[in-house]
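Chain nomenclature is as follows: A, B and C, assigned in order of appearance, with residue numbering initiated at 1 for each chain independently.
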Amino acid sequence: MLRGKAKAPAPPETTSNAPVTVAALEAVFEGCYDFESRDVHIGGDIRRKARLCFIDGLVSGSDVAQQVIRPLTDPERFGAVTDTKAVISMLLGGSVYVYTAKSRETLGELAGDLLNGFCALLFDAERTAVTFEVKSPQRRSVEAPREEKVVKGAKDAFVETLKINTTLVRRKLRNTHLKIREFHLGRRADTSAALIYIDGFTNPSIVAEAERRLAGIKTEGALTSAVIEENIVDNPRSPFPQLISTERSDKFCMNLLEGRVGILVDGLPLGFLAPGTFSQFMKVPEDHAGHFLVASCLTLLRYFSVALTLLAPAFYVAVAMYHQEMIPTRLMQSMIEAKQQVPFPTAVEVIMMLLAFELLQEAGIRLPSPIGETVSIIGALIVGQSAVEASVVSPVVVVVIALAGIAGYTMPNQDMGSALRLCRFLLVAASIALGMFGVALGCAVLLYHLSSLESFGVPYMTPFAGGQGRHLSRALLRHSMTEKRDREPELKTEDGGEAKL
Amino acid sequence: MKKSLKKAARLLAAVLALCLTLTGCSRGLSIFSNYRRLEMVELVRTITVDGAEDGVNVAIYGTAGEKQEARMYQRTGPSIGVAMNELSLLPLGREAVLSHTEELLIGEDVARERLDEVLDYVERFSETRLDIGLLVVRDSAAWELVSGLAGEETPASDVLAGLSRSIDRVGQGYIFSCREIVTSLAQNGVALIQCVRGVQEEKLFENRGDLNLAPAGFAVARPDAIVDFLTEEETLGTMLLLGKYRSKNVDIPVDGAVLTLSVDSVKPEIKPVFSRDGALERVEIRLTLGANVVCMAGLTDLRQAETRHRAEDGLSQRFGDALTAAVKRGQAMGIDFLDLYGILSRREPLRMEDAVGKNWDTLFPGLPVEIAVESTLSRTYDIIDPPEISGREEGDPWEKLTGSLKDN
Amino acid sequence: MGKTDGITERQLTVLIFVSLLSPMIRVLPTAAVMLGGRASWLSPLPALAAGAALTGLYTLLLKNAPAGMGLQEAAEQGLGPVGGRVFGVLTALWLGLYGGFLARSAAERLLSTVYPNGNPPIFVIVLLAAAALTAAGLTKSLARTAEVLMPLLLAIVAVVLLSAAPEVSSANLLPVTYRDWRDILYGAVPIFNVAAAFGYFLFLRGRVVRDGEQRPNRFPWLILLLAVAFGVTFFTLGTLGTNLSITMENAFFMVIRNIRVFGVIERAEAVVVAVWIVTDFIFLSSVLMIAAEIWKTVAGVKRRTFFVLPCAALSGAAAFLIAPDAFALLKWSEFLIPAINLAFTVILIPLALAVGKIRKKY
């Protein structure tokens, strides 16, 4: 990995530039029960000792024994070498069977290595340590994505280990221009992160901005995705996602090829992509796996779903409370009949059902998966039907709320779905207060909010707004792969935005 | 300081926004006064307006739900507005909603005296659609007719809607909407309104009322009131000319048989004829009809062109008479309810303006009108009249057939 | 990637287009038919010519003005600091009043169409509050909102007009001959008046960022705007006829009152009226933004946010003072407001620019 231009913050406890000594190192790790330290006799000679230190669990014990201790204690290899400097030189030169060996002279660097799965041989007299990478292989293997279902496509999802994730990307984009810059996030946790882009293709100003924002993250530790998202997006107060997050490596790579920058963080089985625009949240990688006509129709269906999930309850409230003239006669008659049995006003009914829907959804997510699914289904079927039979709500309200909810589930991105659910409540409130006038004005203000958002300098609503009015079809449809394709012009890729076939 | 001000401003905005949702508490400064509880709504489908001693009698027919009994509410007031206001609050606090009204029926007395008031109410009241059909009820009060149409299980509005649609369909009349009437009155100073009357008939269906709806020609209306009624013949002529004719079956006797023809294409062509000095000499109306044979009583040879021509002539005669009657009636009344001036002006705008100017009302009653009707019989559907028998048998199959009939 | 507030020429033009849809529906077809009668459906044609001429005049007058110079800066250079500021204050005050008129008209439209028992203040207050919130934001955000809304609005207009098409009667539209040319021209005056309001938006010229060889080309948008004007006049007049069109204040919405959408929506009126509020919102936000922008230049400060609230307050006060009832509003909208509007957009603003041009200030 290339080291990021910006200076990465080192862990606070180990920033010391103090020289390396066993005592100092043990003082640093005092109280850490997983810190192990023992003497090793160089070349089997009990008079010549080095101190072997490592963090138990982070390193592989057998690797340490086989690849470091065994060659180091071999009299044939190190028996004749009496000078410690020569021993250090031999260790760095490959006399032990570890592919990464580093010489460390400050306590900070040494502690950093130990925390990253290295073991260290300390030579007190020389105030030097040699570290070897012997990471524990205990990590989750690459599996199919759990949240973003794949029908026809790659099934290698990101895992919690950064190296594996960068490897997945590298395997898909075998190009020397694919740059992976390393950053360290978190003053205390020192989490590794990687900024990934295609050099000479991705807009340099987006890359520079991403570097600046990553380096500017001030946090104790980057252990959750919100730490990354909320620290680097343009408007963290907006409920709308401004970074595309995905567990799918193929989607990640496809977006890199569109001219976006990617961010991977150690410990998170997710990749982040910037800039994130509204239209990108309406797309799924399956669009590029199926036929373009089907994919185009499905994309349009998703936009329709946005309107439905956002507006259906508010529209119903407005129509039922203020604008009954809009309802066809027959439907109106059956609505009146159903409503006569319900004691609550329409507004209360709708809010009650929306809350019940949210409760069911939350319960479904929190409970273990088989029970959660059962709760959702039973909740929807039994509670809904019982509510209607008990005349707590009218059937039309159940239909409207269910429709809105189902439409919300078609959102490819859960964050977008959640933001729309939040706005749905606000629009219902506007509708209760002001009828259709409130719905229209609420939508206008919502559109204004979306239009005011930018992601890394790119208008959030592009290509609907902020461009030259072209490329609208890019957002709404999926063009055939045989056609000459234009990239999003707002990404300003260095090849001029035109994909060469 | 600046931050705390910002915070205070945000808090104030949030409180104000919350207050907005509470506007329901007020009947004054809010839109909540437009709020109607769905369960308290009475959906009005039909309105009738009849004359009363001290004003008008307004009746509304509505249902509160699909399976609930249709109800009629009646109020009398000095004006339609007042009577309607009384009706807006129904028993048990129910509210009448007029937005789904489909038909408005007015009694003859109201049509003669208060037509402008009725139309103004529909036009001004934002709840009512402008395209609701307006009907004038003859020989009885409008509310009596509507009540008579309803059965034990069928609401009057449903029966009325079905019957009035069938008036259009079978070519017995045309229900003009309030918009058409208001526009025509505003543009030409005259409009036509469909009239209906209740007919005591044997019940076809158990769930229907005792009365049936029968068309009773057009009423000719001026902006403030109706002035006269057209006969059935004159109504047919008017519909033909105005393009409101949809379909009608007529019986035409031909060579001892009776052909029932369905007339389904009517193309009127009206053109002015000017003299050399530019004066309007006469008006030529040419009507082209297209008809098909629906059924035949008796036998006649429709393969013969002469036979068909006789049938076509019979049809032309029938429709020509209707057309002539309509034109003559208009001229006799001195009212251009056929909008001949409009049609002629659109055809020859400049010459008509030069020739007529603003003297149409004077010219129209004495203007010579030439009417020509041309009919074409297009098909006999799947039946070949008479059946053509081909084969080895000698002789004319037609003669054989008629011969055998004669023998029998 | 700081928060710059630049917009492109296209965005400014789309903002103008969406904003002007609001007065277009307020004025049409009643005002045009009142002046042009049956022939007024042809009036958008001469209005197009006049609008193109005015666009050309503005382009000519601002041809050499440097990029980033707004109309107020140009006026201050042309008329001198004092004259320019007087001009600016007058225009900003007028826009404040005009904003009030717009809000009040929108409220009245809601009342006479779908909220018969409502009270105007609630609509005016909510509309002004939303517009002030937007006007205090970035110009580019408002312009982008207009960009997103434009296709939706055009689609709704198209659907509504197509649905009204079966009701159109040639008897209401014809005959029209060359002898009606005077009527056609008269009918063009209110349409031109609406289109001419684009002059106010040149106060935002300072926000325009030139992107390469991009040049202002507002003609296609003017054609589109007048195509909408044509559609509204043609279909309303064709459906309701001359007399009924001028009798009704919201004749276009009266046509919509009768529209059924595939038996799913009995009356689409409430939706269309509500959607049209969005254009009022955009126009009102623009007017407040322009007024605040002028005050900002006059006061010589960097941010306009401070001026938005006073401008909105002025509009609110104007809304209630000038039109306590519908009769007063009608009186204002019949002559005074259109006349002042024309005076500003066709005489005062071009004159201020012409003085600067003559004095070779740009």
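The working rule: a contact is a pair of C-beta atoms (placed from the backbone, for glycine too) under 8 Å apart; a residue touches a chain by one contact, two chains touch by 3 or more.
From a predicted model like this one, the values you see are computed outputs, not experimental measurements.
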Chain at the geometric heart of the assembly (C-alpha centres): C
Chain whose mean Cα position lies farthest from chain A: B
Whole-Å gap between the CA centroids of chain A and chain C: 45
Distance between the centres, which are taken as Cα means, of chain B and chain A, whole angstrom: 66
Distance between chain centroids, defined by C-alpha means - chain B, chain C (Å): 41
Interface hub residues of chain B, defined as touching at least two other chains: 20, 23, 31, 34, 99-100, 127
Multi-partner residues of chain A (at least 2 other chains): 322, 325, 329, 332, 434-435, 437
Sequence positions of chain C contacting 2 or more other chains: 114-115, 122-123, 126, 266-267
Residue numbers on chain B that touch chain C, as the complex places them: 16, 20, 23, 28-31, 33-34, 99-100, 123, 125-127, 129-131, 179, 182-184, 186-187, 339, 342-343, 345-346, 349-350, 353
Partner chain B, residues of chain A touching it in the complex: 320-322, 324-325, 329-330, 332-337, 339-340, 342, 345-346, 429, 432-435, 437
Residue numbers on chain C that touch chain A, as the complex places them: 1, 8, 10-11, 14, 110, 114-115, 122-123, 126-127, 130, 133-134, 137-138, 140-145, 147-149, 263-271, 273-275, 277-278, 281-282
Residue ranges of chain C touching chain B (in the complex, touch as defined): 112-119, 121-123, 126, 129, 167, 169-172, 174-177, 179, 239-244, 247-248, 254, 257-258, 266-267
Contact footprint of chain A on chain B as seen in their complex: 20-21, 23-24, 31, 34-39, 41, 43, 45, 63-68, 97, 99-100, 102, 127
